[in-house]
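In order of appearance the chains are A, B, C, D, E and F, and numbering begins at 1 in each one.
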Amino acid sequence: MIPEIKKEIISKLEEEHILALLKDGKRIDGRGLFDFRNIEILPALLEKAEGSALVRLGDTKVLVGVKVSMAKPFPDTPNEGVFVVNAEFNPLASPAFELGPPSDYAIEVARVVDRAIRSAEMIKLDELAIIPGELVWMINIDIYAIDDDGNLIDASMIGAVAALMSGYLPKIEIIDEEKGKVEVISEEKYPIPLQNLPITFTFAKIRDFMVLDPNHIEENIMDSRLTIALNSQNEICAIQKGEGGGFKFEDIQLAKDIVLKKADSIRNLIVNQLAKKPRGEEAWDELRRL
Amino acid sequence: MAIERNGVILIDEEGRRSDGRKWDELRPIHIKVGVLRRADGSALVEMGKTKVLASVYGPREIHPRHLALPDKAILRVAYRMATFSVTERKKPQPSRREIELSKVIKEALAPALILDEFPRTAIEVYALVLQADGGTRVASINAAALALADAGIPMKDLVTAIAVGRIGNYIVVDLNDLEDKYGDADMPIAMIPVTDEITLLQMDGTMTPEQFDKCLEAAKRAILEIYDLQKEALRYRYLQIKKELMEEQSK
Amino acid sequence: MIPEIKKEIISKLEEEHILALLKDGKRIDGRGLFDFRNIEILPALLEKAEGSALVRLGDTKVLVGVKVSMAKPFPDTPNEGVFVVNAEFNPLASPAFELGPPSDYAIEVARVVDRAIRSAEMIKLDELAIIPGELVWMINIDIYAIDDDGNLIDASMIGAVAALMSGYLPKIEIIDEEKGKVEVISEEKYPIPLQNLPITFTFAKIRDFMVLDPNHIEENIMDSRLTIALNSQNEICAIQKGEGGGFKFEDIQLAKDIVLKKADSIRNLIVNQLAKKPRGEEAWDELRRL
Amino acid sequence: MAIERNGVILIDEEGRRSDGRKWDELRPIHIKVGVLRRADGSALVEMGKTKVLASVYGPREIHPRHLALPDKAILRVAYRMATFSVTERKKPQPSRREIELSKVIKEALAPALILDEFPRTAIEVYALVLQADGGTRVASINAAALALADAGIPMKDLVTAIAVGRIGNYIVVDLNDLEDKYGDADMPIAMIPVTDEITLLQMDGTMTPEQFDKCLEAAKRAILEIYDLQKEALRYRYLQIKKELMEEQSK
Amino acid sequence: MAIERNGVILIDEEGRRSDGRKWDELRPIHIKVGVLRRADGSALVEMGKTKVLASVYGPREIHPRHLALPDKAILRVAYRMATFSVTERKKPQPSRREIELSKVIKEALAPALILDEFPRTAIEVYALVLQADGGTRVASINAAALALADAGIPMKDLVTAIAVGRIGNYIVVDLNDLEDKYGDADMPIAMIPVTDEITLLQMDGTMTPEQFDKCLEAAKRAILEIYDLQKEALRYRYLQIKKELMEEQSK
Amino acid sequence: MIPEIKKEIISKLEEEHILALLKDGKRIDGRGLFDFRNIEILPALLEKAEGSALVRLGDTKVLVGVKVSMAKPFPDTPNEGVFVVNAEFNPLASPAFELGPPSDYAIEVARVVDRAIRSAEMIKLDELAIIPGELVWMINIDIYAIDDDGNLIDASMIGAVAALMSGYLPKIEIIDEEKGKVEVISEEKYPIPLQNLPITFTFAKIRDFMVLDPNHIEENIMDSRLTIALNSQNEICAIQKGEGGGFKFEDIQLAKDIVLKKADSIRNLIVNQLAKKPRGEEAWDELRRL
C-alpha cells in the first residue's frame, strides 16, 4: 500500500494563530488570501541541458531541466514527437522527502504538469518528427524540488514551461533515411516548437478558508488542495483535487473566478522574466546574489 | 451535425453518442455488495462494460509500525488494472497512472470516513479493474465506498463518483473508453452526497468556464442517480445478511 | 530471505473440532474426505481478453485471462509459440496477501500450472508460429485470485484450462514475410490450438488425515500439501509437494488412487460447463445471480 | 534399442546412459562438511559435475521483527545459481525458478528441524550452485541438511534427496543435465530417512502410475545410499573437530 | 610540445590547459552557505562549471530502528547527479557509480564528525550535482562539509577536497571534464586540514610513484586554498545570521 | 539512504589484545605487519565458465567466473570489446552479508577491481571486436565471496586476474557480416588477449598501526582501509581509501614503499600457481583436500 505522506508536526498554537489570522483575511507571511508569493525565474542557466529554469516561488525553489534525444515514435502516433515529465522530490528539498523511487506525491505532480502541457497542446508534437515513422525528438522534462516551502505544483509548472521556452533543439541532417541515420550539426540550434503557455493555480482549503499558493506551513494544516490549469485562451486545461478533504461547489466557483482574473498577469510575468533575465553563467551571478 | 474524432463518430446527427446514449444518459449500472467471502467488505460495480471489484480490510495492525498515527487510522488504497482488462496486455507492476489514481481515490474516500475511532490501525482498500471501458477510477470509488460500508467502517456517508466530459459543444455524462480517448475533455468527480462535498475532481482536455459549470451540474445529477443505486445495493445486502442470520437462528 | 507465508490464527478449539470430525471421516463443511467442492465455470466473460474464465470452487474464486500477442520466438525453438503463466495473489482475495512483487506462493502456483500445461502438451506450440524463426504467437495466461477460501492451485488450474479452451487467436495476413509485417483481420478468429486437458488434484495432510480440495480453514492447520496433475491419458504430468511437513509412501499411493478414480468426472465437468454456460455480458448476468 | 531425443542418444543399445552409467547408478558423490570458516555450518556436495555449497546461520535475531514467531524459530532458505554455473550467463537477480526452489527446499528441510527450541529467531540457509549439471535442488538439499547439522541445529534426522526420472521405458536415477532436459520425466524427491517421510516431491514430464511407483522405489534405494555418504561426511567432520580440540588442549 | 588525447589538445605549447589555466590553477570557485530554507544546513559549491548543492538533516530519528547505534549517530550520505547535469540524460535511478561515490563521500566526511554526542540518531547528507564538469565528488564533499557545519553538527574541522591528475608529464590540479576523461590519471583527495588527515583518496589511470608524490603535494596546496574559501563562506553566513537576529530583536 | 555496513561486535578484551600485540609489531595470527596470508589459486575449475578461479587468501575464499558472449559495442568505442565486473557478497560468506541487490560494499569492491583492470589496460579490448561497429566480445567477470575472513578486495583482484588468465574465447566464423551472423566453431578456443597483470594491496589502519592484508577481526576494529593497485610496470594504477577514518601522509608513503617492494613476488606467485595447478575436475580433487 502507498505510505501516507509525512506531515510535520505544527504546534497547536501555531495552527490557531494561522486560523485566527485567516478569519481576518490575513496570512502568516503577510499576503492576502489570493496573492501569489514573489516569482523569480532564471532560465537557461544550465549548459548541459537543452533547456532549464530555476524558479523561486517565495522560498520554494524548483530546478527544471529539459533534455532532448532521438527515439522511435509510438506506433499509434508515428509522426509525432514524445515528451515525458518526471519529478524528483528528494531529501534536498524537505525533511519529509525520502530517497528511493518517486513517491506518489512526486508522481502526482509530474502527471498534473504533464496533463496541463498536453491538454494545452503547448508543444507542437507534429513538428518533432525527424524521419516520420522512424525517428522523432523525445523531450524529457525533469523537475527537481530544491527547497519545498509549499506549492511545488505551481513552481514545477512554471519551471517546466520556462525550461521549454528557454530550450532548443539541435539542428540535424539526415544522412540515410532508410537506415534512420542522422547527424547533429553542432552549434546550430532552433527553439522547441511551442504554441501555448499553460499555467496552474493551486489553492489550499484550511477549514472554511481558501488561500492561493499555500506555503509549507499552510500545507501542513490544509484539509484539501485544488489546482486549476489554464491555457493561453484562458480555457481550463487541467484540474487536480488533492489531499484528504473536500470542496464545496462555491469553493470551486471562487477558485475558478480568481484564476480567470489572475491568469494574464502571471503569464505576462513569465514571458517578461524569460525575456529580461540573464542566461548561462550570468544567471549564476544573479543566483548567488539571491 | 455529427462530431467525428480520429475517424470515430462520437456524436451522430441526432445527437446520439457512439453507444446510442443521450448526452446525460448513464450506462447500465449493476452493483452488488458483499461478493467476497474473505474480505471484511467488498463490492462489484459495473458501469456498462467497465467492471470493478473492491475489497476492504481493517481496521488492522500496520507494518512497518512507524507509519501508524497515534490519533487515527490510516487509509491505504491500491487501484490496479488486471493485465487483461485492456486491449494491450498491461504489465502487472503498477504504472505511474495506477499510483496516481490510488492516491486520488484514497483522497476521495478519506473525507467520508471517521478515522479517529481506530487510532494506530490501517484500513486498506483494494480495487481491481476487471474490464476497462472508461471511468475505471469513478467505478472504483463507487465500489470502494460500498466495500467500506460493507466492512462496517464508520462513515459520514457514501462517496459517489461519475465522469463527465465534453465532445465539441456537447456535455456528456459517464464517458466510455472511446469518448474518454477521443473526446475533448474528461472530468471525473466524486462527491459525498449528503454533505455536498466534492472529494475528487480531475480534468484533462479543455473546457471554457461555462462548459465547466455545465459539467459540474450534470455530474451532480448523475451522482444522485448512482447514489440511489448504491443505497439500494446496500439495503439488499443488509436484507440478505438479516435473512441468513434468521435462517441460522431458526436451525 | 523469503518471508514466511502468514497464516491466520485459528483458535485451538476450532482446530480440535476439525480434528475430531476428521477422526469420524467428516469435514467442517460437510464434505467427505475426498470430495471436491462445487465447481462453477463462467468462460469468455471478458471482452478485452482473448480468453477468460471465472472459476468458483466453493467460495474460492479465481479469474483467469488470456492475452495473445505477437513476439519473437526463443532462439532454440524458432518455430514454436510461447506461453507464460503468471499469478497475481493480491489483497483482494485474502487478508494474508500483500501488494508488491508476486510472493513465493504465487510464483509456486503459477509454475505448477505452467508445468502441468507444458508436460501435458496442452497447447500445440508448433501451430503457433506465424513467420517461422521471426514471429510467433505469445500467450499470456494471467491468474488473479479473487477470493481465497482455500485450494487456489486447483482453482487456478481449472481457470487456466477453461480460459485457454474458451480463447481464440485473431486471424492474420502476412504482409511482408521479409520484414515480419503482418496485419490482423479483425473480427475473424479461430480457437487456440489445443490437444490435451490437464487437471490437478490437491490434497492437504492434517495430522494423520488426508483430505482433497482443502478449504482455507483446513489449509491453515494442514501440515503439508500434495498436488498431482493428470493429462487426458490419465498419466501423471506434474507433482508438487508443498508446506513444511512430510508425506508417507502410503499417503502418496492413496492420493494417486483417488486421483485416477476422479479424473474423468472432473474433466467431463469442465467440458460440460464450457459447452453450456453463457458467455460475454450474459455471463455477467449469471455472475450477478451467484 | 537406443533411445534418442533431440539428436542426443540418452540410452544406448546396451542400456547405458549418456555418461555410461547404468539406470540406477549414481554419479560420483563427494561430500565435505565444515568447509567455511565464517558460517555457523557449511557443506560442499558434488553429485558428478553438479557442485553446491551451502551455509547456515542461526538461530539469530530477525529483521523486520514482526516476522518472528512467538513459539518457534522461522526457517529461511535462499537457493541461488552462480551466474557462471550454466552455459548462458544467468543474471544475478533471482529468477522465478530460484524463488520457487527456495520455497520447496525450505519446505523439504523444515520437517526435519526442531524449531520450537528457539522461539523468535531465524535459522537461515543459503545454497549456491557453483556448477549445474542436473539435480541442483537435490544437491542443495543434501548440502543444506549437512550444513544445518554442522551448525548444531537440533534435527530429527538428516534430509536426503535424489532426482529420478524416465527415459522411454527406462527408469533412471540421479539425472544429469541432458537427461533432465531431454528425458521424458524428472522427479526430485527428498526424504527424512529415519522417519521415512517424503518432504520434497516434484515432477514434470509424464509417467504412468506404474512408472511412478517404480520411480519411488528407485528413489528410496538411492536416498539410502546417499544418506550413508552424508553420515560418513558428518562423522569425518566430528573427528576433525575432536582432533583440533585435542591439539588445542595439548598446546 | 602540446599534449593531445582523442583529438583534444589538453596542454598547449605554452603549457596551458584546455581552459587556459596553468597546471596548478584552480577554476573560479563560488561558495554559498545556507542557501536552502527547509534543510537544517545547506551549501552551494561551484568549481568552474561544476555546480553542487548539498543539504543536511539531523540528528534525527532512524527508520528502520534496528540500524541505530547505541553509542553514536550514524551518518548517511546520498550523492546523486541530476538527470540533466550531463550530456546524455542520466536515468534518475542511482547508478553503481553513484552508490560507490555516496559511500566514499560518507567515509570522507565521517572522520571530521563528532558522532558520539547523538546516539541512536541519523545525520543525513544529500548532495545533488546540478551540472557536471569534472570533480563532482570533491565539490560534493566541499559542499557537504559546509552544510554539516551550517546544520550545527559538531565537527573537528571542515573537510576539503580537490582532484589532481596527470596529463603526460604534467601534474594538473582541479581537473575539468575533458581532463578527467582524456587525461592519464585522475586522483580525488579529501583532507581534514586542521589534522592533516587524508579522508578520501581514489585514483584511476596510471602514475609513477614520483608523479604520485607530486600530486599529493599539489593537492595539499590546493586544499588549503579552498579551505580558506570555505571558512570565508561560513564566516559570511554567520554574519548574515547575526544580522538577521539583530534585525529581529530590534523589531 | 545507504545502510551502514554491519560490523560484528568484537569484545573489548579481544580488541585490547590485538592492540597490545600490534605495539610489539605482532598480529593475532602470527604474521608480521606487512605479510600477506597464504595465497592459493585453483584456476579453470569450472566447466561452464569460460574462465574461473578459486582463490584462498588465508581462510578468505573467493570464486570468480568469467563468461563471454557476443554483444553490440558501445557507440563511442565501436571497435572495442566490453568487460563488466560484478561482485556478489551474499550470506554464504559472512553473517554480515544480506540477500538482495548488491550492497554498497560489493559495488565498491567490484568497481575497484574494474578500475585496476581498466587502468592497467590488462585486457586488449581492441582485439575483442568481431565485426567492427556491429559485434564484439563481452566479458562478464563475476566475483562470488565464499568465505569472508577479511580483505575481500585483494582476494577478488587475484581471482579476477586468475580467471581472466585461465580463460578463453571460443573460435568463431563470420557467416554474414552484413547481418551480423556468426557461428561458434565449438571445441576450438584461444586465450583472452591480455597484456598486463594488475594486483592490489590492501592495508588496514588500526589506531596508529598499519597492517597489510587484514583478516576479518582486524577489519572489525580498523579505522580505515587503503588499497593500492600496481600494474606490471609497477606504476600505481588505482587507489581506494575506504572506511570512516583517515590516513596521514606518512601512512600513505609507507604503504606505497611496501607495495613497490612486494609487487614482483606476488605477481610471480600468481603466474606460478596458474602454471602448475591442476584444472577442471582435478582442481576439485585438490580442493577437497584443502
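The rule is short, and it goes like this: a contact is a pair of C-beta atoms (placed from the backbone, for glycine too) under 8 Å apart; a residue touches a chain by one contact, two chains touch by 3 or more.
None of the values given here were measured: they were computed from a predicted structure.
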Spell out the chains that contact chain A while also contacting chain D. B, E
Tell me the fewest steps from chain A to chain F, where a step is a jump to a chain it touches. 2
Over-half contact-pair match to B-C, picked out of the listed pairs A-E, A-B or E-F: A-E
Centre-of-Cα separation between chain F and chain B, whole angstrom: 57
Taking the mean of the CA coordinates per chain, how far is chain B from chain D in Å? 51
Set of chain D residues in contact with two or more other chains: 64, 78, 124
Touching two or more other chains - residues of chain C: 1, 99, 102
With touch defined as at the start, can you tell me which chain D residues reach chain F in the complex? 30, 32, 36-40, 44, 46, 49, 51, 53, 55, 57, 60, 78, 80, 82-89, 92-93, 124, 126, 128, 130-133
Touch list for chain F against partner chain D, complex: 46-49, 52, 59, 61, 63, 65-67, 69, 86, 88, 90-95, 99, 101-102, 140, 142, 144, 146-149, 216, 281, 284, 288
Okay, in this complex, where on chain B does chain A touch? 67, 69, 74-78, 96-97, 99-100, 102-104, 106-107, 110-111, 122, 124, 185, 187, 191-192, 195-209, 212-213, 216
Please output the residues of chain B touching chain D within their complex, sorted ascending. 63-65
Of all residues in chain C, those that touch chain D in their complex: 1-4, 102, 104-105, 107-108, 110-111, 115, 118-120, 224, 226, 231, 233, 235-249, 252-253, 256, 260
